Structure formats: structure tokens, C-alpha cells
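Paired with chain B in one complex and with chain C in the other, chain A is shared by the two complexes that follow.
Now for the complex of A and B:
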């Protein structure tokens, strides 16, 4: 990493820590909390899309499952959220392992559709298994985690919880990318046949990566549940999948900065579009099409190349 | 639970299934020819139904007149979709994912646009053949019979178009190998535009035929899209009669399972079948080898 990149990252970290003091209104901080949670989810999704080069249309189920496991444990057995949130992540990881182990025999769109199948089945089970999941009656009054005696139930306090998990995740993914395993995944993404010929156990690698992605998605879902305090079967709706897809591809898949930039845009642009009133989401759709067509590689890679062209070359020149 | 109930469920299953097939054929065409999973297909289907309703109520045309207007308009909308969201991405890395996103954008535009313009409510599309008659102890609605018949006609017409006409052969050639098609002088851009026009017109036809049975409303495309995916995957890409068989199968399985076993787990059951079939035969049931 160049010195400039390192400084830029440090600056970003400081800004991220200072967000609640810079933006003092609870609503703005609330949007940053949501950004953090969705960034975590999108980073998890991008492990499958960007690092592994495979499809999944089933990640909304993993997000929802994490939310449900953690919320139900906390509400119906009274266990502290500090235990239920990891339990949600791990439980989702186990489900994701089974899902990946079954699905990853397929490729391309077929892989996408079979994972979508898992999501639809899981959602119907959650709708109908009322004695456990409450069905459409929703899971209400999901408690916020407590630090000592204070519950982290304001955007300001929850922001740091999410930020901590987000930073850990970024560090974790970064170290995967640098590891032998991560390089194996990159080889597999670029050319599957060649990766096999190099002796990379691709099926094993893919299942492990999918399981990691599922665990992190479950974590994001659990953090979401304990923040919004109410979940229902729509927490497994495809809209969350589309959210992750928009964030990852608009930001730039296969990078760490992409999902982060993508999330901020995904959360803040619709807010800004409130002036378009009812047409808000139609305008958002137009922006997505424009963005994909004009910046197909994603905003983050485009910004990086602009940065290199104008700033770095000027400093050197 | 007599035999007449069984026959009634089979009738519902077959007519619903034919509708799924009609919807799925368009999805399959674009997927096969252009290589795009068109997430806006459900919204094209919705627009077809809403336009038929609009033309019928404002211009006072009869059912067939408004159907034709709607199909023609939607064909043009399909070409526009291709021009805006697919053609600029041709040849770009990650084409499948990027077009997935750009068509998702289109679907957001259409659905939310429809909600703003027409409101988030159901509209009734009236037909001249809405009466219900009793045949062999089961209730047969004229709308369902007409839907079934028109779909069969449309599928046969499409089949002959694709196998007999020069243009249809060019479409199939492009689906088999875009490189080979270019070599023999096929203009791929025009073929893709044609594919989109055809698929959108078929989606519109499906919407128009189903609106009298299930109403027309801005969200109608969402549930249908998922059914369409299952149908296309079961059929195997690019197989028209495969789509018909898969659609009928899903329609039947759904109505029988829903009636006799559990209406709550109906969709889960469909997807379970799909998962099993995908694992056993990853290229679908009706895909020819090679």
C-alpha cells in the first residue's frame, strides 16, 4: 500500500469514528447505522459475487435467518443479545454451509436460481411455522444489547457497535484476500479450469467461502434485528437481495471500497430523492440504469483510476 | 373429495400452467438469445395488462382491440429496454450480472411509475367471454378456456416462426452461438432488438390474458417473475415446448398440492421440486444435448 493510500485510509477511519459528533441529528446518524449494517451485508455478498465470481440470489434468506435466530432467542428465551447475535451468525453459517454444499455443484444462472429456491422455501417455512417464528404476527420488542446498565438503543451508541463489527469484517476479508485461500478463490474466479489444473480444491474452497459469506450475512441480519426491534417474514424478501446487488455492482464488485461507497449511495440517495416525492424509487431506478451503463466497472474502481491519473501522476510529475 | 373436485383442480392447474408457460417463453427467449436474465419481464407483463385496461376504459376499444394496441406498444417498449439497458453493455465483462442490475433498474422504474400514474390498486379487465359454464361436473370459465386456446395458438405460431422463417432461424442461430451467427452475417444488434420486442409482446399477451382472471395491479409482475424462473429452469433454456410442459407441470403440481396437501407450502413445494430436478439434471428436463 502506498503512503498516500495509507494516509487516506487513516483519515477515513477518523471520519468514521467522528460521524456521530459531526452529524449531530439522530436521523442522520440513524442513516449511518443502516449504512454500516448494509455495508456488512454487501461485503458478505461480495465474497460470493466479487471474490469467488459466482451467483447467489439467496442471500436475503441468510440475512433474514440471522435476524430470526438472534431475535427469537433473545425474545423467547431471554438470552442476552451478546450471545444471540453470534448465535445468529453461526446458525446462519451452518445453514449456509448446507446451502452451499448442495448448490455449488451448479454454475452461473442455475446456481442463482437454486439459491433463490432455498430463500423461497425458508421464507415460507418462517411464514407458516407459527409456533416458533410467530409467522406474520412478527417478532416484536427485540431487545438492544446492553453495555453495563445502558442499552445500546440509540443511533449514537449502536453506531459504534456496528462500526466495530464492520471494521473487524473489513480486516477479516482483507486478510482472506492476502491468504493462500483468497488467492485460490481469485484463481478460481478468473479461470475455473486452470484453477483445477493447479490443484486448487475448488469445491471445498467455494463451500468454505460461501459459509463465511453466510455467517457474515447472518451477522448483519442479526445486527439489523436488534436495531430495528421488529422483524417479520418480509425480512427475507427479495428486496434485501436487490439492495445488496445494487450496492455491490454500483460500488464496484471485487473491491472493499466498492460496497462501502455503494452502501452510502444506496442509503443516502433515496433520502435526497425525497424531493421527487412519489417518483422517488422510479428516479432511483433511472439512476441505477445510468450508473450501470456509464460506469459498468463500478464507482470505486473508476474513482481510483481517476485518483491515480490526476493526483498521483501530478505528485510524481 | 370427489372426482369432480379433482377434475376441477386439474382444469385450474392446466390453465394456470399455460399462463406460466406463456410468461416464461419470453423470459427464456431473451435469456437464450441475448444471455440476459430480464428482471423487468414481470413489469412488462404488468404494463401489458395495465395498458389493455387503460385502452379499454379510455378509448372504449373492445378486448381484442385493446389487446392489440397493448401488445404493439409493449413490443416497442421492449426494443427501448434493449437499447437503453442491454445494448450499451454488450461485450462488457460481467455482462450477466450488469444486465441483471440494469433490468432491475428498469423494473423499479416501471413498477413505481405505474404506482404513481395509476395508483396501487387492482383493476378489472372485462372480456366478452366471462360467463361460467358447467362441463362434466366442473366449472369452466370462458376466460380460462380462451386463455388456454390463445396461448396454444401463440406458441404454435412462435414455433413456426422460429423454425420456418429466415428471421426465426437467425434468432435461433444467435442463441446457439453469437460468434457463429456473426460469421454468417447476422446483425446481432437487430436480432437482440427483435428478441426483446418478441419477448415483451409475449409478456404483454400473458398479462392481457391473465388480467381478466387475476386482475391487473402494479405489483402483479413480481410473483410471476419467480414462477417464470422456475418454469424456464425446469424447461431448460431456449426450449419453447419445454416451457409449455414445465409450465403445465408447475401449474398442475401447484393446484393439486395446494388443494390436497397444504396451500401454505405451495411455493416451497414448487421450489423443492425445482431444486431436486436441478441437482439431478442441471440443464433442465427438456434441453437437448449439445
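Now for the complex of A and C:
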């Protein structure tokens, strides 16, 4: 990594840690907590979209499943969230493994449809298996994790919990990118047939990557559940899928910075647009379309290339 | 030093590294490959020629597992590989190139060759996450292998160029470099010289010779007879999925059946021979 990059990352880390101190308003910190959770989900989603180059329209179910597993264990069996959150992630990972193992025999639109099918089935199960999931009666009073005697149920305290998981996830994804496995994923994304002819076991790699993506999505969902304290079958709504998809496309798929920038924009631009009152979401929608049409590679890659051009011209001049 | 009591002298017999036995492939009602028997001997350069549509690429697809045969068997180093998955076959040591240059266009030349070395790379996720010593060693090892391969192909200067931006001849060289990085025992080349100018063709011929000298076996599907005559010690001729001739270049090019199949191109053949 260049010294420039290293310093930039360090600066961002320091700013991230100081966010609650800089932005004292609870509501602002709350927005940052949501940003952290959605960033985690979007990074997980981008493993399939960007790193693997495949479709998935089922990730909202993985997010919701993680939320439900963790919430139900904490509420109905009294286990500490410190255990239920990882349990939610792992349980979702197991489901994701089965989902991937079945679905990844297909490609393109077919893969999209079958993953969507899984999501719909899961949502129906959650609605109808009332004895276990509470159905539409919701899962209420989901406890926040406790540090000693203090519950982490303020935006301020929860922010650091989310930040810790997010940083771990970023490092993990970086490790994948720098590894043999990550290169294999890039290869099968770029030219599947060629990857096969070079000995790369693409089905195995895709299922593993999908499982990792599912596990992290479940983690994000679980963190969401213990923050908002109430979940119901709408937690598996496609709205969460569109959020992740927009974040990834606008920010830039296949990169680490893309989902991060995309999440900040997705959470904060609507707030800034409150000045447009009733037109708020119409304008938001138009902005999204403009981004995807004029900056198809994503805002983060575009900003990077502009930065490089700016720096190069400064150095040359 | 203790001298061995019995110095066993074995007669060096040609070993068939790849055996294709009674191979057939039907696509619905069309028999694209019909009862083909071919043995590829270790260390040789075998040419496979024939008109377009005679089944040459289909043969490659069958050998490498991209297609499943209707009948017949394929053995590699004595072991049957007919029902194996493609990537397993590649991992066993059969490398191939494609008729339409198959590279990772959005990645750099270096990254292409790194992916070629995938099976030999030692930098897995665990090592990457925990920054282990073996991860770092694996990374350095990989660097070395890649540099060696690129230097062998004469592509070191282009290492950081985006593969898609290379001229066509260099893309084909890159495809060959990537296949070499796999370190296969046998390479199946599909029209490696097609689309190249005479200079690029000459370079390709020399590279193939060098690869053979390293001990690899090579099969070449080619239309360019100059390449075939210069490189191949044996040639197999296909027509409509059937092997119609096999033997040394001189025999094959004077074979009447072969000539009639290439009707109208007799003159080209005679020129190529000289």
C-alpha cells in the first residue's frame, strides 16, 4: 500500500472513532449507527455482486434471518446477545450455504429468480410459523448487549459495537482480496470458462463466497435487531435488498470504498433532502438514476480516478 | 560409492501420455466425433489438422471435460479422466488455449499470469487474515514464478498493462503464458498462430519449441501449414469427426484422401512443404 493510502486510511479510522465526539446530537450519531450496519450488509452483498459478479435477489432474507435467529434466541430463551448475535450470523451462514449450493448452478436472471424464491419462502415461513417466530405479532423488547451492568442501548454506545464489527469485516474482505481465493473469485467473474481451464474449482469457490456473504449479512441483520429492539416479517422486505443494491451500484461494486461511500450517501442524502419536503424521495430517486447512468462504475472509483488525475497533473506541473 | 549390482537398462519406449479410445460425441442426431483413436506420446508435438467443422475443437472440449463423450474413453498418464470435471482435469496437468483468445481482459498481464499460477499459489485466506509467514513466503514465491514466466515469454515490459489493451498477437502470447503458469504436462493449443502476422507467427513457433524442450507435450490444432510442418513430428487429420490419416508430415501431406479433402488447396500444401 502506498504511504498516501496508508495515511488516508489512518485518518479515516481516527475520524470514524471520533464521530460520536464530533457529532454530538444523538440523532446524527443514530444515523451513523445505521450507516455502519448498512455498510456491513452492503459489503456482504457486494461479495456476491462485485467480487463474484453474480446476481442475488435474496439477500434481504439473509439479513432478516440473522435478525430473527438472534432476536428469538435472546427474547425467548434469554441467552445473552453476545452469543445470539454470532449465532444469528452462523445460522444464516448455514442457510446461505444450502441456498448457494442449490442456486449457484444457475446464472444471470435465473440465479436472481431462484434467490428471490428463497427469500419469499423464508418470509412466508417466518409469517406462518407463529409458534416459533411470533408471526405478525413481532419480536418485541429485543435486548441490547450488556457490558457489565450497562446495556449498549444508546446510539453512542452501540456505535462502537457496530464500528468494531465493521472494521473486522473490512479487514476480512481485504484479506480475501489479497488471497488466492480472492483472485480465484476475480478470475471466475472475469472469464468463467478460462478460470475452469486453469484448474479453479468455480462451483466450490462460489458456494464458499456465498456462504461468507450470507454469514456477514446475518451479522448485519442481528446487529440491526438488537439496535431497533423490534423486528417483524417486514424485516425481510425487499426494501433492504434495494437499499443494498443501490448502495453498491452508486458507490461502486467490487471495491471496499464503494459500499462505504454508498452507505453514507444513502443514509445522509435523504436527510439533507428534507428541505425538499414532499419531493424528498422523488429527488432522491432521480439522483440515484443520474448516478447509475452517468457514473456506472460507481462514485468511489470515479473519485479515485479524478484524484489520481489531479495528483498526477500536480506532480507533472 | 557403492555401485549398483544390476545396472538395469530399460529400452526407452514411447509413452502415451494421453490416450483417446473410440471416442464419439453426438449432438442430437449429429455425430460430431466418430470413433476417434489417438495416442499422444510424451514429449512430442502432435499436429491436428482438418477442414473447419471437422471436430478439432470438439475433440479438445471432450478431452478437457467441457463436453461429455457419448462413447469412448480418455486416459491421461494411464488413468481414465473421461468422467472428471473440467477443473480437475486441468489440475491433473492438461492445459489448453482457446480458438478465440481467452484472457482476463480487465486485469493486467501480471494478474493474468498470477491466476494461471493459481494451483501453485500458497497465499490462502487464513494466511492472509493472520499475516502468517507462509502467506508472505507464498506471495514472494508467486512473484518469482510470474516474473520467470513473463521473462520466458518476453513480456516483462508489458507486465502492468491491461490485458485487453494489448495487440492481438500479444494477447495470444499472454494466453500461452497463462497456460504455462499452470505448469501442465501437456498443452492443447487451439490455433495459436491464427490471426498473427509472419513475425508473430515465427515468435510463436520458437516459443512452442522452447516449451517442448522443457519436457512438455504439445498438441496443436492449426490451419497454418507452415507452423504445422515446422513443429510437428506427427500429424493427425480429421474430417467430419473421423480420423482419416495419421503419420509423419511427409506421409500425411501426400496422402490422397487428405489432399482430396482439402480440394483446391493442393498448391498451398506443396508450397508449405518447401
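In this text, the second predicted complex is superposed on the first by the 312 of 317 C-alpha atoms of A that agree within 3 Å, B and C clash if a C-alpha of one lies under 4 Å from a C-alpha of the other, contacts with A are read in each partner's own complex, and residues count from 1 in each chain.
Simple rule for what comes next: a residue touches a chain if its C-beta (ideal position, glycine included) is under 8 Å from a C-beta of that chain, and two chains touch if they have at least 3 such contacts.
The shown structure was predicted, so the numbers you read here are calculated from the model rather than taken from an experiment.
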item	value
Room on chain A for both chain B and chain C (clash or fit)	fit
Partner chain(s) touched by A:16 [first = chain B, second = chain C, both, neither]	neither
Which of chain B and chain C A:121 touches, first, second, both or neither	first
Chain C versus chain B, contacts on chain A by residue	B
Partner chain(s) touched by A:191 [first = chain B, second = chain C, both, neither]	second
Touched partner set for A:90, first chain B, second chain C, both or neither	neither
Included angle at chain A between vectors to chain C and chain B, based on C-alpha centres and rounded to the nearest 10 degrees	80
Touched partner set for A:200, first chain B, second chain C, both or neither	second
Touching partner for A:175 - first (chain B), second (chain C), both, neither	second
Touched partner set for A:253, first chain B, second chain C, both or neither	first
Touching partner for A:183 - first (chain B), second (chain C), both, neither	second
Lowest inter-chain C-alpha distance for chain C and chain B in the superposed arrangement, angstrom	11
Intersection of chain A interface sets (partners chain B, chain C)	none
In the complex, chain A residues that touch chain C	171-172, 175-176, 178-184, 186-187, 190-191, 193-202
Complex contact set, residues of chain C against chain A	64, 66, 85-88, 90-91, 95-96, 98, 102-107, 111, 114-116, 118-119, 121-125, 127-129, 135, 138, 178-179, 182
Touching residues (chain side chain B, partner chain A) in the complex	31, 37, 84-85, 88-89, 92-94, 96-98, 100-102, 104-109, 112-113, 115-116, 222, 226, 229-230, 233, 264-265, 267-268, 271-272, 274-275, 278-279, 282
Footprint of chain B on chain A - complex, ascending	49, 55, 102, 105-106, 108-110, 112-114, 116-118, 120-121, 124-125, 127-128, 238, 242, 245-246, 249-250, 253, 278-282, 284-289, 292-293, 296-297
